[in-house]
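The structure that follows is given in the form of structure tokens.
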Amino acid sequence: MIFLTRRATFAAAHYYWNDGWSEEKNREIFGKCANRNGHGHNYTLEVTVAGEPNAVTGFVVDLKWLKDVMEREVLAAFDHRHLNHEVPEFAKTVPTTENIAIAAWRRLEPTINSTGGAKLSRVRVYETPEIFAEYRGEA
Amino acid sequence: MIFLTRRATFAAAHYYWNDGWSEEKNREIFGKCANRNGHGHNYTLEVTVAGEPNAVTGFVVDLKWLKDVMEREVLAAFDHRHLNHEVPEFAKTVPTTENIAIAAWRRLEPTINSTGGAKLSRVRVYETPEIFAEYRGEA
Amino acid sequence: MIFLTRRATFAAAHYYWNDGWSEEKNREIFGKCANRNGHGHNYTLEVTVAGEPNAVTGFVVDLKWLKDVMEREVLAAFDHRHLNHEVPEFAKTVPTTENIAIAAWRRLEPTINSTGGAKLSRVRVYETPEIFAEYRGEA
Amino acid sequence: MIFLTRRATFAAAHYYWNDGWSEEKNREIFGKCANRNGHGHNYTLEVTVAGEPNAVTGFVVDLKWLKDVMEREVLAAFDHRHLNHEVPEFAKTVPTTENIAIAAWRRLEPTINSTGGAKLSRVRVYETPEIFAEYRGEA
Amino acid sequence: MIFLTRRATFAAAHYYWNDGWSEEKNREIFGKCANRNGHGHNYTLEVTVAGEPNAVTGFVVDLKWLKDVMEREVLAAFDHRHLNHEVPEFAKTVPTTENIAIAAWRRLEPTINSTGGAKLSRVRVYETPEIFAEYRGEA
Amino acid sequence: MIFLTRRATFAAAHYYWNDGWSEEKNREIFGKCANRNGHGHNYTLEVTVAGEPNAVTGFVVDLKWLKDVMEREVLAAFDHRHLNHEVPEFAKTVPTTENIAIAAWRRLEPTINSTGGAKLSRVRVYETPEIFAEYRGEA
């Protein structure tokens, strides 16, 4: 089994806010992130697939195909977007790094796992070089 | 003469838009950056001062002081902010990396150059690791 | 389950020495690291916690809280310190990257695991970008 | 158990080609990588060993020894080489990142696992900072 | 005046060889780089243009245009190529980092300086993160 | 004219202290750096030479020679050393990043400038990725 990883970046805006809380409570819990004008990040999306290298090509998956899948399933929706206002997953869910990683997994898994070969193994999202969240699917 | 540099990062949202143009013209010139919901970046601000090291301390400037100046003059205004909506310099000026570098220089220069010792030499702003603008003041 | 990671850096001095050995034996085993004047590194501490994102906040843990815990439990004791002379764990134990990772885990685990939610999952310490040690706790 | 990792880099040329396919088929599957003049990369080899730190030295393994093993077993054969023409593993196997990781593991495992202490745990090969393959051995 | 910089990467093979020298002399002067099978690198091309930001767009140059120019003038010829065999500048000239920087400048300058606005100011080529050459044009 | 740069790293301990000041004054000016047990850093030394590429070799200087000069003149004295206790330049001078850059320049210049070809152009020393000092010689 080989774990093959590809990274891509996207630039997005977001903020943290809970409509059920007061302005004060939002500021207390979310700090500077509660500014509803939004701020933003250069996110890094890191996708790992696991499988056996094909005996002829030496590929676990074709990295050009993986790049296309990442762009079509995730970057087309997240890059140069305001996550709270333009991405359905975050209409009612706070776009934390944790939740972005889960959303990216759910967008990628159907396509990647439909090939019959390699399986999605891990999704990492870096909000900055100092902070990242990793999701490996349920169970 | 020694050139002493300190880096700091800030996370901000922005978009590119010219009110004098149509939606189509804005899209044509500014591409994905014309999305008025905004997107964002982890910016790096890199400030260089030039001067002679003090014979006793070995400092061109005190780096803790420089950090405080950068935080007070630039990061307090730019970090976790929407540049178009919350930073006065960008009320009518497009917040490109070029213009952010000029704005940061103008915010830093009065304090740094008032000390009688080192002078502000260069301001660099990285929008991503692949794109940066540098300003060295007028003339 | 989400694995959420935060990095921080600290600058410390250390050397490798075993009092039970001769100078020659120390030099043979520890090489340049046996210089008892000490040398130093910019260490990176990378702390991973594992848990479910809170349904309201989207947080596995509050990253500001995690930063404070890392600063209070580890950086306050290690940063700008000589590990051999000022950190109790290394009074009789060689401050290798391996042992620093274990010491950091033991300092972090009681606080992090007392919250009832997320658990400490992994501690990594980078001595340089080329060398790092990872500890996942006992068993 | 501690996981101790060391990185090293090597510069090599390679291309992707299957003799059983036409030029067109090779171009279709391998794209720009099918250029038989070769192109190249700065690869990063990242080797992780797992074991208990020695009570006296604090070492899982001696990192100077690990560096020597990596240089003798892998870099001496791969660095400043054309992988297709000079490395036996790739005489008939496409030198993808996946296959390079497997080849490096097989070169390293006999020496590392013969010491009776730490065991080879993981080999990662980065072709670029955006693409890497990881192998953890069979089973 | 603002200095605006964009980076791009390319993967290429090369070797160092002087037909007027013996094998021994080539090995003595060029070391491992004299292996005529070639080896390779992930090069980084860093292009800086200097000019005034446009009052309306805030652009020194349109970064999408600069990206296209870099791809068309340099990367299309250098990326996934063997520099000695496929790039005319290196048919008789050794493809050192120094000479690659000069070649890239000469390919870029006519297009960039023809716009009447910003001028090419600096070209840097990184062979590895540890080695780079910079060219600022003649005189 | 080409500017050719090579980087190397060294690990050293240091502290900031002025014997003419009280403990309190040292703490006030130098903060955590005044801890006389010392702390340390992974420094990066970045050396730039300027000259014309040789018509036959394509070299401004031989990078293997430059590496040897950097190791012999600077790293042999600074690496795995306590700068205050073991490096003569810092017996009475505070080993700030500024002063380390000047000391490195003075150690490198005689050898590099004696070759009759390229000249030392710039020395940069990074104390961390966020702080660096640059010296270009006198006048």
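General observations
As written, the chain order gives the labels A, B, C, D, E and F, with residue 1 at the start of each chain.
Methods note: a residue touches a chain if its C-beta (ideal position, glycine included) is under 8 Å from a C-beta of that chain, and two chains touch if they have at least 3 such contacts.
Everything numeric here is computed off the predicted structure, so don't read it as measured data.
Steps from chain A to chain D, minimised over paths through touching chains, total 1. Identification of common neighbours of chain C and chain E yields D, F. For chain C, the chain with the farthest CA centroid is E.
The interface of A-D is repeated, with over half of its contact pairs matching by residue number, by E-F among E-F, C-F or D-E. In terms of C-beta pairs in contact, the better-connected of the chain pairs C-F and B-E is C-F. If you average the CA atoms of chain C and of chain D, the two centres end up 28 Å from each other. With centres taken as mean Cα positions, chain C sits 34 Å from chain B. Not a single residue in chain F touches at least two other chains.
Pairs of chains meeting the touch criterion: A-B, A-C, A-D, B-E, B-F, C-D, C-F, D-E, E-F.
Across the complex, chain A is touched by residues 9, 11-14, 32-33, 35, 37-42, 79-82, 85-86, 128 of chain B. Per the touch definition, chain F reaches chain E in the complex via residues 1-8, 53, 56-60, 62-64.
Considering their complex, residues 16, 18, 20, 29-31, 93-99, 101-102, 129-136 of chain D touch chain A.
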